[in-house]
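Step one of this worksheet: look at the structure below.
Chain naming follows the written order as A, B, C and D, and within any one chain the residues start at number 1.
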Amino acid sequence: MYNLELQNNLITTSVYGSAIALILIGLYAVLVKKNLIKIVIGLSIIDAGIHLLFVAIGYIKGFTAPIFSPGSENLANKMVDPVPQALVLTAIVIGFATTAVALSLVIRLYKHHNTARIDQIKSLKW
Amino acid sequence: MEDLAIKILGAVLTTIMAFTVGMFYGGFVRKLTARVQNRRGPVVYQNFIDLLKLQSKTTNIAHGFMHHMAPIWMIIASLTTLMFLPILNGNLWFPNISFHGDLIFLLYMMVFGSLGMALGAGQTGNPNSAIGVTRGLSQMVGFEIPFVMSLIALMIQYKTTSIQDIMIAQNESGIWNMFSNPFAFLAALFAMFGMFRYSPFDIVGAPAELASGPVSEFGGKYLGTMMTANSIFSFFKLTLYVNLFMAGAGNINDVGIVATLIAIVILLIKTFALYMVPVFYGWVSPRYRTEQAIRYFWAWPSALGLIGIVWALI
Amino acid sequence: MVISPVHYIAVPLLAAFLIPLLSKFIHKELARIVPGIVFLYSIFISITLMLQIGDKGIISEVIAGWQAPWGINLVFSPFSGFLASLMSIIGFLIWLYSYNFKKIDKEQSQKYHILQMMMVTGAIGIVLTGDIFNLFVFMEITAITAYSLTSFYRERDGAEAGFKYLLIGSFASVLILLAIMILYTQLGTLNMAEIAQKSHLIPTSLKTTIIVLFLVGFGIEAEMFPLNGWAPDAYSQSPGPIGAAFAGIVVKAGVYALVRVIFTLFDIHGAYDFLIYGGLITMIIAETSALAQTNLKRMLAYSSIGQMGFVLMAFGIGTHQAIVGALFLMFNHAIIKSLLFMSGSYLTYNSLTKQISALSGLGKKLPLVSILFGIGAFAIVGLPPFSGFWSKLYVLSAAADKNMLLLIMTILAVSIVEIIYYFRVVSTLYYGKQNPEIEIQKPSINAMVSMIALGITILVVGVYPDVITNLLENAATALTDKATYIQSVLTQNLPIN
Amino acid sequence: MNSFFLILLILLAGAAISFALGKISSIISGTVAFLSIASASVLFFTQLKNNTYIEFPLGEIQLQWGIDSFGYIFALIVLGLGSLASLYSISYMQNKERTGIFYFNFVLVITSMVGIIFSQDFISFFIFWEIMTWSSYLLIIFNKKDVKEIGVKYMIFSAIGAYSMLTAIVMIKGNYNTFLISDAIQAGAFNFTNNEYIPILLLIGFAVKAATMPLHVWAPKAYSNSPMSFTVIFSGAMSKMGVLGMALVLVRIFTFNANNEAILPNFSPIILQQTLAWLGAITAVIATLYALMQDDAKKLLAYSSIAQLGYITVGLAIGTKLSVMAALFLAIVHGIFKGALFMVAGAVERQAGTTDMTKVSGLIRKMPFTFFTALIAIIALAGIPPLGGFVGKWMLYESLITESNSYFLVILVFFSSTSAFLYCYRFLFGLFLGQEEEATKDVKEAPITMIIPMLILSVLLMVTGAYPGILFDPIAKGMETIGFNNVTWDMSVLGNIWGNSVNMIYVWLTIVIVFIAAFIFLTLKGLKGTRYVSTKDISTSGEIPLEHENLTFQINFFQPFRRAAAPMYKRSMDKIWNEIGSGLESLFNFTRKIYTGNGQTYAIFVIAFLVLMLLLKDTLFLN
């Protein structure tokens, strides 16, 4: 019983911790790295962190997936919250689209300025 | 009806007296100056001879309309100012026309003549005339300031802007303003130097530099009329000063011939005495440059004027 | 058929899906014509619905039969309805303006029109939806279309502007998502009405965190300083009509979201002061930076940022009259800034460089466009008898009711700066000497039509503001009246028909 | 149809039509403008009777229009001068380009001024005020002469004025919940008991248009660069709108003060009154000093207008019965003679090509009527008897000396008006006297449509000199409407409270009699002997100049005076304002560096802002 509790906490804390860590790593990449590609990667890492966090919130230990299959109708109160997962799916799709646009822009920028360093692309300022 | 007749008669009398007195004063000044400079000098009635000569000239040169108008403006100015100045206080023979000589009105009316003169001189196209005019106007800005200050001092001293009231007040109190408010009197006196344009303030005519300045293109009847206007105007100025600071001709109010004559004599003595001051000052001092003259008026006379105002306020 | 708010969303989505097929198999022109039809239809919807809510009150439409708070629902209140109609009208005018827009060659125009339509749709969705996560989705739709439209021209620096926009914009999405997440953990619901109902249950420290996340997230879309670094570049590099769309549609959506969060979801009074100060700083920085701009569109961009700061500040004053003034400002800014961008892009197009100095003497060559630009400039600085004056008057008198003398002074001082740079442009247009060797492209008929329509609106509203004020009054009451909103969303069980 | 709307509609229609016809022919559109203004004035003075008001709502704002005796004074200026100026400008603007725009804005300015006179509530007042501002702006830069500087400066200062006015208006709305002027006065918005900001802000707003001291720097170039036929209106009538407002506010303050209303202890109206009066006097002095240094006649007139407005400000600020009367009288008369003078300058500009006094001289023989107008107007401007100008000056001095204890103010005012003689003479001499230039040999007199208005104005000046009562009548009525009680006046006798008086009729009689006598004498005497020679023939002073050389003395005209008054020319307000402006501009240039083009910096801004908010969130949002 006791180490089950411990295990429980371990899982949750590790999941939350890794999510936060992902967000911070992505933030670091976005704010510090100069390369456009790395910045885009940083953005998607942040997204991943957020999504992980969201899913982790929805998760409840020992509950099953929210799927009504024959023979599992009585499990309705033993299912995890489906909403976060739905939302995360949407968010993933959005993140994917954003990343696609970002990468296409990066290609254009590289052709236009033939450099990929963000601090050298400053033709628009003040 | 006969009131009006008397008014007109009085006006004519005033004019004649002013004219003769002014001319004679001019003669005296010429004579005295000559004597001081160790010359014999012209006779006292020389001015009349000059006037006669000028008026009897047959050919006159006119440069245009304003040149033609200038003497007229001057005569208008001198006569109008004279008409609105009380000569003998309340005397029947020398009435003043409508009101008791409003100071501010006279102040502005006095400019009328010099403006017309300036316009006439401007039309002649003679550079000397224009230069003389600018000098004259600048100098006027100079000496008007202390003059106005002293006038304001008098006005607020007697709470009136009419010359006659000021005269009456002096006669009642028996103290002339030159004693009751000496600072204002001094300021006015300095202003007078500029007004009469004797040396050191003869920068307008400036014989050696400007060939007699504004009037240099005028001759014949024009110059003659100007002379007349000038002599009347100088009498007016003297009488104004006497009225303001020396209680005019005293308070003789009856119509008797004798009394009138006495009054006139008093007036003449006072005016002549006053007239001599700028003349004497002129004998001993060389000519200023224009800006020096202006600064001169803005320095001590204006300070005195301010003191006079404060004095009157206390 | 039944008119319902869903058509705002459903029809454009369907069209966006069909257009490529149609244009491939039937006729190429369809790609350019269909969006116009869609906009016309949404204008038609707006009119009918506005007439309906005249008597029925708030319309709350449930999607897919799930009742609120379980299902996603669209709320057509006088407030959101007003914004939705404004957006669809502006969208239509922009489509008309850019129907045969000068630089869009054929195969690109297809993308252009689809993207523009989707952007407007997303903005309308933001305004209409009653579900916070749905709002987030719509905001992302708007954002992604906006990124690609910003970088539409290859020869400009569009890509750079677009990338900056995308960088900051994805921060916005992350923050909003985070806020929604925390909200969900606390309340277990995503329906805005229900959140508004239960928001007092949240522990205050978490509540403030959520507010901060929302404010920063939506503040990015609403161009609040210092979150608006992307805005000048995006405005100045995107095609002219898209600049108009940003000013008239996208930013409005951001402001709507911000205001909705502050006024409806959690009414915490500290947020009002936050709006006032944030708006004020935004206004000052933006207008003063606009003063020294040499590029016309960039100057317009800064001025539009400043206007949005003004709007936020007006909302922050918080009294009913102030909110009316703020909505009036949003309306004015939508029409006037659209007019300025439309005419301005023709002016810059006909000048050799985009610099203001290059516009000199165009007043004789493009008389009508220049006069329209002048009307816009006079209106935006708030000179009577143009519409800008009234909104300024409303806001100022609302501020005076609260005795905010310093605020009034600052606003007016900033408006003096505004006057300086707008009049510099106007005097250059009319009184500068023109260089002969530029040849003039006359604007197309439909562009002229849409510009003239905007100009006439400005004049009419300016001379007789009553045509708009009662709409605004209803909208303001609908915004501030929280109880009716909650009750009408939660306790209706059948879709209106 | 209500005649208020009818008048405005006629004017607006005139503006629109003349704008449309501008493309076809300048003469036609000018005629249309003239006809519309003239018919509007006819309608005004016949149909509209005093103290008629109409009210109509605009939204929840209640608007009120009306005409009272006070507005009637200014309606006289605006409509009278407006009709004459539009008649004048038909020939003045002949075969110039863009006349459509000119006439459109011209009529629009008149319209807005009529609207200002009509409006009895602050909203319509402000609306018309702003219309006046921007339409006049478009006229100022009409000549395309250094547009940037003048236009921007004019707009900045007008905006400062207008916005301080707007602030006051919304504060009135906030404190007293009304937009009607009468209600605001009833509630005591203008007296210092409740709120001293409102009157001060309003005064600032009006002082800009009246070109009072620190806010006057826009005026000289604005006056001298716009087309003369508009400057007639601009200096003659538009500046009087500022006077109108000042009179309203100030008189309210002082009447309330006289009724012993409670005054805020720290700031009593007396200080305001004295400050304003001194500002006006200093304005007069400075402007005069600058006027007599000008070589361009238009600039000279522009500065002199500022000086005259200074006198008017003094009169209003002193606020006694006689001084306010003097100020209003001066306002009307200044409209007349400055209008005439600007018309003269315009005529010279049109005929001789320039108004630079160093280039043109001796026009008196070419343009006698123009010279006559100039002469009369200058005499009035200098305040020399017996014309209307003298009456105003006299009343001003008397009121200063007798009714208020500000004697040193009198000296200042007198100094400026004495120095005014200098530039008066400069104007006449520089343009009309002296020797003829070669360049202006074949100059003709201006066309009849330009002569007629000028002559009308000069006749008006003489009449107001002889019978000032015809102006005292409306002025007295107007003063009674704005709060003075039993204002007495006489047809041609001026009087002060010490019982001294000047009878203008006697003055006129004397002058006319002497004039006729002297003229006859001087003309008839030796008529044959009198030779009229050209100005080149000045041999009596030993000079015989050749035909091509010109001895006229024009350059450094008042050099000695300038040397004497050197300290007063040291610093100019204009420089100070320019320094302030450039300083602000560089500051803004510094602040906008925040937008470094680097996208990453923006991201850092976002994160930093987020962190900051998260730190401050409890202090911000928990209340």
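As a convention for this text, a residue touches a chain if its C-beta (ideal position, glycine included) is under 8 Å from a C-beta of that chain, and two chains touch if they have at least 3 such contacts.
It should be emphasised that the depicted structure is a prediction, and the values quoted were computed from it without experimental measurement.
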Go through B-D and C-D and name the pair with more C-beta contacts between its chains.
B-D
Judged by C-alpha centres, the chain sitting nearest the middle of the protein is D
As a quick test, compute the distance in whole Å between the mean CA positions of chain B and chain D.
37
Gap in Å, rounded to a whole number, between the CA centres of chain D and chain C
45
Starting from the mean Cα coordinates of chain B and chain C, work out the distance between those two points in Å.
81
Indicate the whole-number Å distance between the mean C-alpha point of chain A and the mean C-alpha point of chain B.
104
Name the residues of chain D that each touch 2 or more other chains.
592, 595, 597, 599-600, 603, 607
Which parts of chain C, given as residue numbers and ranges, touch two or more other chains?
163-164, 167, 232-233, 289, 292
Touching at least two other chains at once: which residues of chain B meet that condition?
none
Here the pairs of chains that touch are A-C, A-D, B-D, C-D
Within the complex, chain D is touched by chain A residues 27, 30-31, 34, 39, 118-119, 121-126
Please give the residue numbers of chain D that touch chain B in the complex, ascending.
362, 364-365, 368, 375, 379, 382-385, 390, 393-394, 397-398, 401-402, 407-408, 410-411, 414-415, 418-419, 421-422, 424-425, 428-429, 433-435, 496, 498-503, 506-507, 510-511, 514-515, 518-519, 522-523, 525-526, 529-538, 540-543, 551-553, 557-558, 560-561, 563-565
Sort out for me which residues of chain D touch chain A in the complex.
592-593, 595-600, 603-604, 607
Inside the complex, what are the residues of chain B that reach chain D?
55, 57-66, 68, 71-72, 75-76, 79-80, 83-84, 97-100, 102, 104-105, 108-109, 111-112, 115, 118-119, 122-128, 130-131, 133-135, 137-138, 140-142, 144-145, 148-149, 152, 155-156, 159-162, 165, 211, 216-217, 219-222, 225, 289-291, 294-295, 298, 309, 313
Flag every residue of chain D that touches chain C in the complex, lowest number first.
58-59, 123, 126-127, 130-131, 133-134, 137, 141, 144, 147-148, 151-152, 155-156, 159-160, 163-164, 166-167, 170-171, 173-175, 197, 585, 587-589, 591-592, 594-595, 597, 599-603, 605-610, 613-614, 617-618, 620-623
